[in-house]
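First subunit A sits with subunit B, and in the next complex the same chain sits with subunit C.
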Partner chain A sequence: MSAVDIPVPRAARLTVGTKAALITALVGALCLALEPVAPWLGAWPKAWVLPATDWVGTVMTAFLAWFKPVARLFSAVMVYPMDAANWILNATPWPLVIGIVTALGWYLGGAAMAALGLGGLGFVLASGYWHEGMNTLALVAVSVPLALLVGGAIGILANEVPRIRAAVQAVLDIMQTVPTFAYLTPLLALFGFGPVVGLIASAIYAAPPMARNVMLGLERVEAEVKEAAIMSGGTRMQQLFQVEIPSASRQIMVGFNQCLMAALSMVIIAAVIGGFNDIGWEVLLTMRKAQFGAALLAGMVIVAFAVIIDRMSAVLATERKRHDIRVVWGLLGLALAFTLVFWTRLPAASELTLLDPVAVSLDQGLTRFTQANGAALDALKNNTLYYVLLPLRIGLDQAVLPFTWGFSWTPQMSGALFALGAVLALGMAWAGRPTAGLTALIGLGMIETGITNLPWPFVLTGAAALGYVAGGRRLALMVVILLGTILVSGLWDRALLSLYLCGASVFACAVLGGAIGVASAVWSPVWGVVRPICDMLQTIPLFVFLIPVLMVFQIGEFSAFLAICAYAIVPMIRYTRHGLVDTPDEMMEAAISSGATDWQILRDVRAPYAAPTILLGLNQTILYAFSMLVIAALIGTTGLGQSIYLALGQADVGLGISAGAAMAILALIADRLVQGFAEERRKALGL
Partner chain B sequence: MKRVGLGLALAALAGGVNAAEMGASDEPIKLAINEWTGQHVTTHVAGEMLKAAGYKVEYVTAGMMNQFQALADGDIHATLEIWSSNVSDEYAKKVAEGTVTEIGDLGLNAREGIAYPAHVADLCPGLPAWEALKECAQVFATAETLPMGRLVDYPADWGTPGADRMTGLDLPIKAVPAGSEGALIAELRASTERKSPLLITFWQPHWAMSAYDVKFIDLPPGEEACFSDASWGPNPNAVNDCDFSPSRIFKASWSGFAEKWPAAHEILSNYQLSVEAQQPMMGAIDVDGGKVEEVVAAWMTENEGSWRPVVDAATK
Partner chain C sequence: MTEATTPAITCQNLWQVFGPGANDALVEALARSGGDAEAAAAELRGKGLIPAVQDASFEVREGELFVIMGLSGSGKSTLIRCISQLLPGTGGEIRIEGDNVVGASKQKLTDLRRRKLGMVFQHFGLFPHMTVAENVAYPLKVQGVGRKERRARAQEVISLVGLDGREDSFPRQLSGGQRQRVGIARSLAVNPDIWFLDEPFSALDPLIRRQLQDEFLRIQATLKKSIVFITHDIAEALKLADRIAIMRDGRIVQIGTPTEIVLNPVDDYVREFSKDVAKGRHAKVASVMRTGAEEQGPDDPGLTTGMTLDTALARCMQLYQPVPVRDASGAIVGTVQPSDLAAALQVDDT
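Now for the complex of A and B:
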């Protein structure tokens, strides 16, 4: 059936794609040819830059002054729940807290969940970070309800007023893509110093998943259910709160779970400001001393919280079954009795240092590793830099030098490269694949020039062409306008640097993560090993991994590249596996009964079916890579990430917001392009 | 500088004539705890002095770069170890606004410079003389900087003093910003453990100076003329061809501090801590794993003679 459907759209798309590629190639060639005569084609002239950063700064400062009293009032109010949560968590004896969490685990998920709660909190206790951990939990305990409230309200509003839905989606995108560091300075000025800033930052970041899931859940409420509510004569509010929201509760619980995880992942950001002796602060202190073992231990405390919260709230979202309440009372009673009998003889929670030897041996292990493998690791780094990263950044014509490749790049070589590209393009066009041929030519041209040296008209045309192919005229227009704002605001160079680093990382993640995803899909033991690693990579504060990466590969782009990959590869693995495993049974059966081999099934049945899901994974990978860019700036990258730090240090509101916006723009464009392609694949598959 | 001098003179005058008022001694004075151990020592010593004078003290963690907003709002009342080398622009803004007041030097003799772990002297004979770098710049070359050598500079938001020196002295060495203090330490640690070459912009007092046996390179003295007069120094065509100008470490408070807690203001203004006192305490904490509170308490009992007079002058 699909064999009949597919050729028609593909043939139509080919012409559009070919046209787009042709125009891009032409503009590129034109720019190359004219650059010696018109240097403004290569780099956007300084004189054309609008002082947009200053304007943003002025407008923001005026807004801040106006809004400040309201914000300060809010801060003053928020201090009470904050202090209360803090007091409750810290004043409760630790055996009791552990007992309560274990009992809750039993109630929700039986013995396994109870063991998880006991083990996780036991680890926190043993690490000696109990009080810091409880402070962190207090922050999460207040920010999550705030995020749930805001997210829920946004979701319901978008559901009730369909006209604003597109705008709401855009706002949610912005909330998730503008790096938190970019708006820390204005938040600090608005809300004053202290944990409230961290609270609000994490609420801003954690609200969108809730809003999205509420919207999705309400949208999916079945028409019959809605009609029944209308017929029974309830007001709109009654319909909403008594019928629609309860029937969307499963999806809303998924939002609750993701909201919790997002809030927890922001904990470290809150610590950058301080005012709160939490676990994030501990990670920052140990980071500063490059103590990998101690930093990892503190980071694992956050992972422990995240895993407990994630698993328990996931059960809450999916399963209705509850376990024996009598065991709960038994556990609570046990904890209480234990506390009463032993409390005076128990050590204070912060005195415990059971895991210090582990931290020390981790550090020594790292030392031994760098000492033993120094030469091999240096070779790996240098080769990647010389043959991959440098050409990608500054182009073959500048990266090929006698002490890197062993010879100099000459104009003749450029000519030969372009000739090769042209032959390739013509050959492929001859074979009936002109788009692929042109794309190959464009790719060769980009490697020759280097991403950071690409002429801006070429970048604009190329992005617009991609936009046109992926989503039609509107998307193309949007891409051009958004990129144009970066261009005139004078952040173009930095944006290209960020684009290069993200591009390289995303490419590596796509290849490697895709391969791991496929391996996990076809062979389940692999997934058994990969899954916990993925869990850890997603929740541990990534600052922790900067130390070993730095120790092994030193400051520079390669370290940043690795750090970004470590984080951004996770969604690629997860989505690839998920897409491949999820192939409908009837398709599999049809393939098996027609006598296909495993490999054929994978290639011809599972892979095409999984394509939209894998594209979504790629989309997430891109967004993750951009969000990691800011943290990678701590290793000393240049580009937008560093600008955001500079702005944070100098309290330059304009630069911070502009650089953050530029980053969000790049991420949004990438997101829309990939989603456009995914949508098209889905249509082609008839999904 | 003028204001500082005046402030100190006034404080001395007040101490000489009669003791200051205690002020609102039932309200806690909040002192900022920043991200590094030396600052923790400095702050805890000051806090103990205030407690000895009869005040309540609260220690509040605060990011070094972000604390000035808190100081201006009176959410934090004093911060006691600001380095002129990497103070954020925000500080100058708040001082100009009149919401933050400087309360004198800490007396900690800081030094910044181009440095290297001791083993690097074997790789580049002639160190610590800076002229040696002309010959062995190649030793420090890495993939990113080829054919030039590499200097690991301060994070970009602290300024680019290392890059300025390399340009000023016309050395074939490229400065690479580190991104964070953790990155600087990781570089030092990796270099020491792998015996690999490293040039780095660094400062003392810092625990890593002794932990990784870091040495400074001898540069021409950082005189005023070097930064304004190109003809001064070994390179006749450039400024910055010399060592760092000595950096100042000072204290600052919320502007309402003096009025609310007059005696505490006097104590903090007159408070001094030397490298000789701070460095061993830092070692006891970072290298031997002691707790700040305990290490500081031990020092306070042993050295009562050095801090008690400052407290007495303000309160008796």
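Now for the complex of A and C:
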């Protein structure tokens, strides 16, 4: 035997992933072992916390004070278009408004859209929230042109000046991850209380999707079309406005649609500032008074607006048929004639209360329902809390108590659990899967300790290890620096709380959404049912998700958990299905002709091919969960979301911005990590 | 040089290098290699830059149909984009009717394009939001020509390419062949002197392609533009060209008439192209003729200098003695040995 045949030592064969998992496990074990003698290894000592929040507050307050006169001037100017929009929408007789929207619906999408406009606004009218709805619409009507202008200008500028492109893209990325509430506090300080804050916030929030789509659209204009414009002798302005922008109109219309929806969503969220009698405020008010029937009704009004605006503007981004313009004139004429003839005899919009009985009976029904099923609902809630959420949050060692679990947790049990983990890890390493084994061990350890009690060196190491595997040294370094910022700024505990709730929801979404996605992919009738639900869930503004969970489960972490799941599950379902269905026909045919069964095809061909897409879905789900987490603070979550919400109430700019930044950091890290893994999978598949 | 002999386009040692800092790198590389293009290109590649066009020099005479042929990645599309100044050109000179356009001002280029240049694209490059008539009239619109006048001119060129009746259609409603007719019409709208065509027929079905080639020749016969025509199809090049430049890896390896390319390829690369070509259909009697009236046989099958070898051979099937060849006026200008005709048609076995 020659030297060549000497087996390579085991350690040399460890993959990057195994090494990362091994280091993480070792650091975790070390922290746990040393914590009794060195308590600073567990929780970051208070004495080490830098008063970063105060610093941010001081700097921002100074900056805002300097900027304030300009802002106040702007605020004073914006009052005029707002008042005008408000007056026009409210003073126009309601039959005329309904007639105009119906006619617009016909013009855009024929009979279906006209019916949508008529039915939707009819519902708004019948609900008695006509004027509140019009107030909301007025805000949207002023903020959207602002957002379109700013977003469009940014998009064009980034297209014209390639040097700033990357920077603009990065800023837009960050703006997408900063939670909605976090915008509000500094704006509040700048513009003072009042609807202008909601207006500005929604313009700021709605501009990035426009900018993104303009950039994307202009970039995707065929090279030859651009060249043809040049060779036709057009100046740069002629090329841009006569050829490139019209050629990109589809993509720009997608931006318009997203811009509208973002503005509507933000206008409603901004209602928490109060001071403006719009529909979002109405929902908050009724929710606080526990009038859930009325809250649901108001929520449905928001949904009606969202659906009308979304579907009608989405038509613009598709190739649409031309509809008879005479019908438009006919509808308008009809509405006008109706108004003229009947106006004196028609009730004022605010007097209409056709649906109040519905609200009342809803309330009663709900009361009856909760009374009848109270035990079952409580059981569901408490079981989830005690046996799933709580252990995840504070660990088995603290969550297992005699009065919930029936016994108390002993150190011996911890020892047994860790021993079990170690055996599992060794066993799987023996079977050739050391990474999976180590991951299982780490997972068990985390459940024993609880996410909020995890030692900070372990979290940093684990995140860095994930970063290293997903995107190399640079990503690992970025992750450590960003997390370190949170650590020293004293927001660490709250960040872990947010991470826990977000992690729990994302995990639930991944499992459930993944399953629904697979079912939709393999069996098309399922998709027939799931698809409209997904469409609906994605159209509904974040805020509305709170109403039903609140109705049934009251304020608390469980309600927040459900609301987050309901909102964040959609991308997981969509991307899973899309990835699986998207498998190229040739690959499927090759698998079938190799004699694979359906199940084998799914497992061996479609799932691996879909992996990068599914990872992107997971990424979206995480981002969705983070954005909902902040909104869910309204119904009782702890963590960063709560801090942001509190800061808003106290107009504490420092806390608001710091907590918002911490939230954005968490989202950014999650985004980069998952994107890194998706990229790695795509490369491995040669896509 | 008098006006009449000024070439439409002159390219002198033209380079196009892609990559960061390409301009300086090219100057440096040329200085170091003492002007040796191949050495300079190798050096640039070593630095991670891409020399897509290397040291290209040629002339396009007025009214000439100049075809640039090469495989994909040979740099032919880059070359035509340099000449039309869609790409800036890294080194060398491009003269359009005597004027150097490399480094010309934006204003001057726009002006040049508005008066002198027209271009047709492989994938048509039609504006999707404009009708056929609007597409065709666009080069006039950017110059501020009035609506009526540009509609009239657009109508003229639309008729020229045989698209009457489709003026108000949108590009998406047309077939590929029709779309390219629109592209051709648009490029002719300003009545340019110089016409660039970048693989105009490559995206079309073979039947449509032939139809459009024939129409293109018909249009060119009446308009007499100076043309740069890009193709990867040797048959198309031989059919259309007055002269052909063959490109390989960014360099022009041979420039010549179709007959020269077929009968005297400079290297194996060019020979490989002409291998599949039926030489008899492209080479002319003139290429195998001996000048002077040496001894002639008794027969006169009526050969002329412009006759293809195929036709000539058909007439000389039974003949073994040298036969006379006449020029267009009917005067005898030389003789051909019938066996030479057959020998010229022999396909290379190498």
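The working rule: the second predicted complex is superposed on the first by the 601 of 687 C-alpha atoms of A that agree within 3 Å, B and C clash if a C-alpha of one lies under 4 Å from a C-alpha of the other, contacts with A are read in each partner's own complex, and residues count from 1 in each chain.
Just so it is clear, contacts are C-beta pairs under 8 Å (C-beta built on N, C-alpha and C of every residue); 3 or more make two chains touch, one makes a residue touch a chain.
The structure presented is a predicted model; accordingly, all values stated were derived computationally and were not measured.
S.K.: Of the two partner chains, subunit B (first) and subunit C (second), which one does A:Y387 touch, if any: first, second, both, or neither?
M.R.: neither
S.K.: Applying the document's definition of touch, where does A:W40 land relative to subunit B and subunit C: first, second, both, or neither?
M.R.: Once the two structures are laid over each other on A, A:W40 reaches no partner at all.
S.K.: After lining up the shared chain so the two structures overlap, which partner does A:F507 touch, if you call subunit B first and subunit C second: first, second, both or neither?
M.R.: Neither partner.
S.K.: Classify the contacts of A:R288 with the two partner chains as first (subunit B alone), second (subunit C alone), both, or neither.
M.R.: First partner only.
S.K.: Thinking of the overlay built on chain A, is A:Q238 touched by subunit B (first), by subunit C (second), by both, or by neither?
M.R.: second
S.K.: Classify the contacts of A:L648 with the two partner chains as first (subunit B alone), second (subunit C alone), both, or neither.
M.R.: First partner only.
S.K.: Tell me which partner A:E224 touches in the superposition: subunit B (first), subunit C (second), both or neither.
M.R.: In the superposed model, A:E224 contacts subunit C only, not subunit B.
S.K.: When the two structures are laid over each other on chain A, which of subunit B and subunit C touches more residues of subunit A?
M.R.: B
S.K.: I'd like to know which partner A:W405 touches here: subunit B for first, subunit C for second, both or neither.
M.R.: In the superposition, A:W405 touches no partner, neither subunit B nor subunit C.
S.K.: Could you give the residue numbers on subunit A that contact subunit B in one complex and subunit C in the other?
M.R.: No residue sits in both footprints.
S.K.: Would you tell me which residues of subunit C are touching subunit A in their complex?
M.R.: Those residues of subunit C that touch subunit A are 81, 84, 86, 110-111, 113-114, 117-119, 121-130, 138-139, 141-143, 183, 186-187, 190, 196.
S.K.: Under the stated contact criterion, what part of subunit B meets subunit A in this complex?
M.R.: Counting only subunit B, the residues touching subunit A are 33, 35-37, 60-63, 65-70, 73, 75-76, 88-90, 93, 142-144, 146-147, 152, 155-158, 176-183, 185-190, 193-194, 196, 207, 286.
S.K.: What residues of subunit A sit close enough to touch subunit C in their complex?
M.R.: Those residues of subunit A that touch subunit C are 222, 224-225, 227-235, 238, 242-243, 246-247, 249.
S.K.: Would you tell me which residues of subunit A are touching subunit B in their complex?
M.R.: For subunit A paired with subunit B, touching residues are 184-185, 188-189, 192-194, 272-277, 281, 284-285, 287-290, 367, 370-371, 374, 381-382, 385-386, 401, 403-404, 543, 546-547, 550-552, 554-558, 633-638, 642, 645-646, 648-652.
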